[in-house]
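What follows is chain A paired twice: with chain B in the first complex and chain C in the second.
For the complex of A and B:
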């Protein structure tokens, strides 16, 4: 007696056999998908290269002396460029190689009689590559944002993150389509050329980036602090990229003649892609503007909002704020207990726009000041000044005593930076000998005296 | 027959097509250090071409009869190595005759090709048929993170260093790649 045979209808997997409860079928199906994905990821030829590129990206972005640190938008843009150009093109090339694996292994005739269609076969080969590429991108992003977060709190432009994941999907799908239809050895090279040239071409064609270049959107500029991401445009572009990715996978699936996806599904995907392309291309972007970002109608003045003195700059210079905010926190800890430290510091001219008093710190020498330069500016701006009434009969300023000049030197010492000025004050060596509490008490009294045009009290003996 | 077995005619045809294509392209330059440099260095397109040619040459390392080569009584591997050498020499000749490369830049183009071949050989011995990934990753990383500050080149960006550094680096890479391939051939067949 032979065992009864069960036949599974075409297009239906074993877990869909009749008689099995729907819940069990679903969980068995999920288990099967998980197992397949885990196996494919573990054995994928993309695992080692993408892991290496991820490690290199993390190390490079974590170690470089960079202007983008602290600026979440630009940090995300840098990682977006790395992901799309390095991880994405390598993933696309590997996908092109993988799409031809069944033909190279002689499994193509067997797959032509499978219970799933060609698109599913392609997806099984290349989806793990997309998964690995996305994981690599997110890890590099986490490393870079972690470095920015140390300097300045913020959130990444989420639309750009979503679009990067979609670009990676499209690159992998493009590789799959080319790999399915071209000879195995030439497919990766053609994929590299297509993906690289497609990303570079809009930069070299006048107006390309804000017109047709949006269809393969690799953002290669930085955004100034007044620019904000355009989430609607970025999400529309993401939808377009995913539609194209689906279309390309279906096109790749047509290579399996016995189980090719139907023309109806191909037409539906093509229609969706065409409609979404329209949504991407219709919004007009003026010359000089970018597709992915818009100019925010924000406050002309930007201020730090962490601990320590509030520091305000013109919004155009808001890129100085992250490093100043970090310095201001350290300054607040070093000046705890001092009553004369100004609560608001500002760039020249900002106080009037703010509508409240602010101590002028002058302009920094670098676009983004170093921590030491920011601390020196804070110390200089905090030095006690004679009050507005301290003008003598001859018009000269009364005050500016030698003893009061020791205050910035003491503050510099507490912050661990070279003395801004005042280290030559006679009071400085004696002040150094005192405890912090006694230093604070004397400095508060000296600053008060300075404001009221009086001589500071003598430095107490240690 | 051996030449056909290691795909030499296809590799030569593809290389000739690439050389013709690049000769027809306008003279443009691509940035080096797009995300790490404040002022990226510019890399002429003709210095990308040799890396692409090395990527194309990957099938040369994989013989259709690799197992037979490994066990052959006659020294088939010598002929395989000679075939690779002849193809490399022919491609060097094609590169040297490029009309849009200045004569003083020819040594750099050749050094870039030989060094990239070395990277490809290293890749082929470690990643098998995906050996082309090594020069590809180098090219992409060069354009994205190859320089910092105002055009300071990264130490590993050997192909864009002054020719006095680039040429020895290229020869070192080629020697390392050849040695790795020879060592691999000694121990087992390179089947990918």
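For the complex of A and C:
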């Protein structure tokens, strides 16, 4: 008769520790975890490569052009892309190498007669690589966001940060699975090819962005200020990635014949991964909005309340307002007496949230525009436009006369900024010769005509 | 229930080679030497006893439960087992203490007991002063001693040492024998199996000898009985070697 396993007394080390306070046990456990992490990090082959990639990332992102600087979510997207494509893939390759360390060192007999299972052994070998990769990512992100913080107060898109950490975990786990089962020398190369091809696949596969691109999410784009991260979708993707990582670590652990994880645990992990994949793939979203959504009526806005036109932005861009308010005051003085100047101007999409008409000034190139850029935006937004009924039989817009184009040029001149456009209008030199009052009268009449699909009146002689 | 580790009717076949043939042997508390030429089947028997190899026929029983690889008692055997394999591998960048801690972790030791157990294991193998040295900086003999520390850190009830003195110089082998005697004095109930083809090592530490020849068990006796000396007399390596050759010759 087979005696039940539990009846067999175990070695002294496995004896429970009765009488030891829970606090003391917890502190001993924490101390051991710290020691294991310190040992593995110190001896990890990932230490130097990831340190180097962190330094390179900081230098590269800190010296890059200013297109994305200041927009916290775009800064995070830039770092996310670097982390996933460079740090993550290199970490995956190192994990592939590290997963084969027991076989290379001849430790399999000792490990296969141990009590911890293969998955724990793999996890111990590769988890420090994930830790190092995450640290590298966070350091580069801190450096890049530090640069953003100089020009714009904001907060990182935390969902994207969490998803990046999850992508790194999945990449390391994929490396571990490949490294456990492939010959040690070829495993890192195969891992690099697999992880890179997986990341690039959505670009080449039709509809890949909405399928594969959501399962292996490397977001290689910048988001318009009108967009904001979709935390629910990002966190769902993070959960999926962690389920896959667990599954891959269990697959890697199966390589340890004596202490392989059970098929039951493998099946449970596979089921969890399949369910989480469903949560990622089933919700239908528009192209380009896999992990971001367009801001809508419910999103908070903030507006200037000084003289001149009211300027409204999304609440998280509120630190734009002081500089824009200053420009709006100057603009109000320069446009005193003009009737066509809009009373409310707004960032893209804000009009919907305001619930009242507002002229879209477009997106600034930086979240806190210079006085000149803010004035140019106000001038551009104030240029008379053909009214909504100005559509000809052929569908073409009626209006947009050459003379009306002179108005922004005149306003720019009054504000002392380079002409936004219209300086080449034939009417401009003649308008310049007029007094301000006569300029205003003509511009009001021209704007009125433009709105009603008519030709503006001729510029009076000086 | 005793801690006996039993191989019962064990045969192992690899393709056309029969590495073990119907071996039945019971390992009880004390040090048992496993003696045999190269290729006699010592490492295969070690593999079967430790669960690394599944026997083609027969069974391994530990403390009354079938304990071969994949059998219910295997987990209990692994929890009670310390193994120093023939080719002891290690991570070169680990420090000595870190590597023994790694072995403790592999055996799921309670965190609270690890520091003390590692201290004791390093004291036993006389490597306290080298605990901060990296593994790759150690000589072969010292590395083997770390191997013993790893195999004993969790105070196993079954200790399996597969050719532990292979390639060691005289001084290191002497140190090794001393360590083994210390261990046995401290844990007299421990089942220790020492595989070697060096009769001198077996004679120095084993009270019982099991001899294998071409995969068959050809002798299982008290060392003194095999050599033919009194209970008080020391068994010399030369005497055991002669007895061993006599057994093999008689079989041939």
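Everything below uses one rule, namely that the second predicted complex is superposed on the first by the 263 of 462 C-alpha atoms of A that agree within 3 Å, B and C clash if a C-alpha of one lies under 4 Å from a C-alpha of the other, contacts with A are read in each partner's own complex, and residues count from 1 in each chain.
One rule holds in what follows: contacts are C-beta pairs under 8 Å (C-beta built on N, C-alpha and C of every residue); 3 or more make two chains touch, one makes a residue touch a chain.
In this text, all values refer to a predicted model and were calculated from it rather than measured experimentally.
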Partner chain(s) touched by A:188 [first = chain B, second = chain C, both, neither]: first
First, second, both or neither for A:82, with chain B first and chain C second: first
Which superposed partner A:111 touches (first chain B, second chain C, both, neither): second
First, second, both or neither for A:200, with chain B first and chain C second: first
Which superposed partner A:43 touches (first chain B, second chain C, both, neither): second
Residue contacts on chain A - larger count, chain B or chain C: C
Partner chain in contact with A:265 - chain B first, chain C second, else both or neither: neither
Partner chain in contact with A:56 - chain B first, chain C second, else both or neither: first
Residues of chain C defined as touching chain A within the complex: 1, 50-52, 62-66, 69, 72-73, 75-76, 78-81, 83, 85, 87-95, 98, 101-114, 117, 150-151, 153-157
Footprint of chain B on chain A - complex, ascending: 45, 48-49, 52-53, 56-57, 60, 64-67, 78, 81-82, 85-86, 89-90, 93-94, 97, 185-186, 188-189, 192-193, 196, 200, 204, 220
Footprint of chain C on chain A - complex, ascending: 2-5, 8-17, 20, 24-25, 28-29, 31-32, 35-36, 39, 42-43, 101-102, 105-116, 121, 124, 257-259
Contact set on chain B toward chain A in their complex: 7, 10, 14, 28, 30, 34-36, 38, 52, 55-56, 58-59, 127, 129-130, 132-133, 136-137, 140-141, 143-145, 148-149
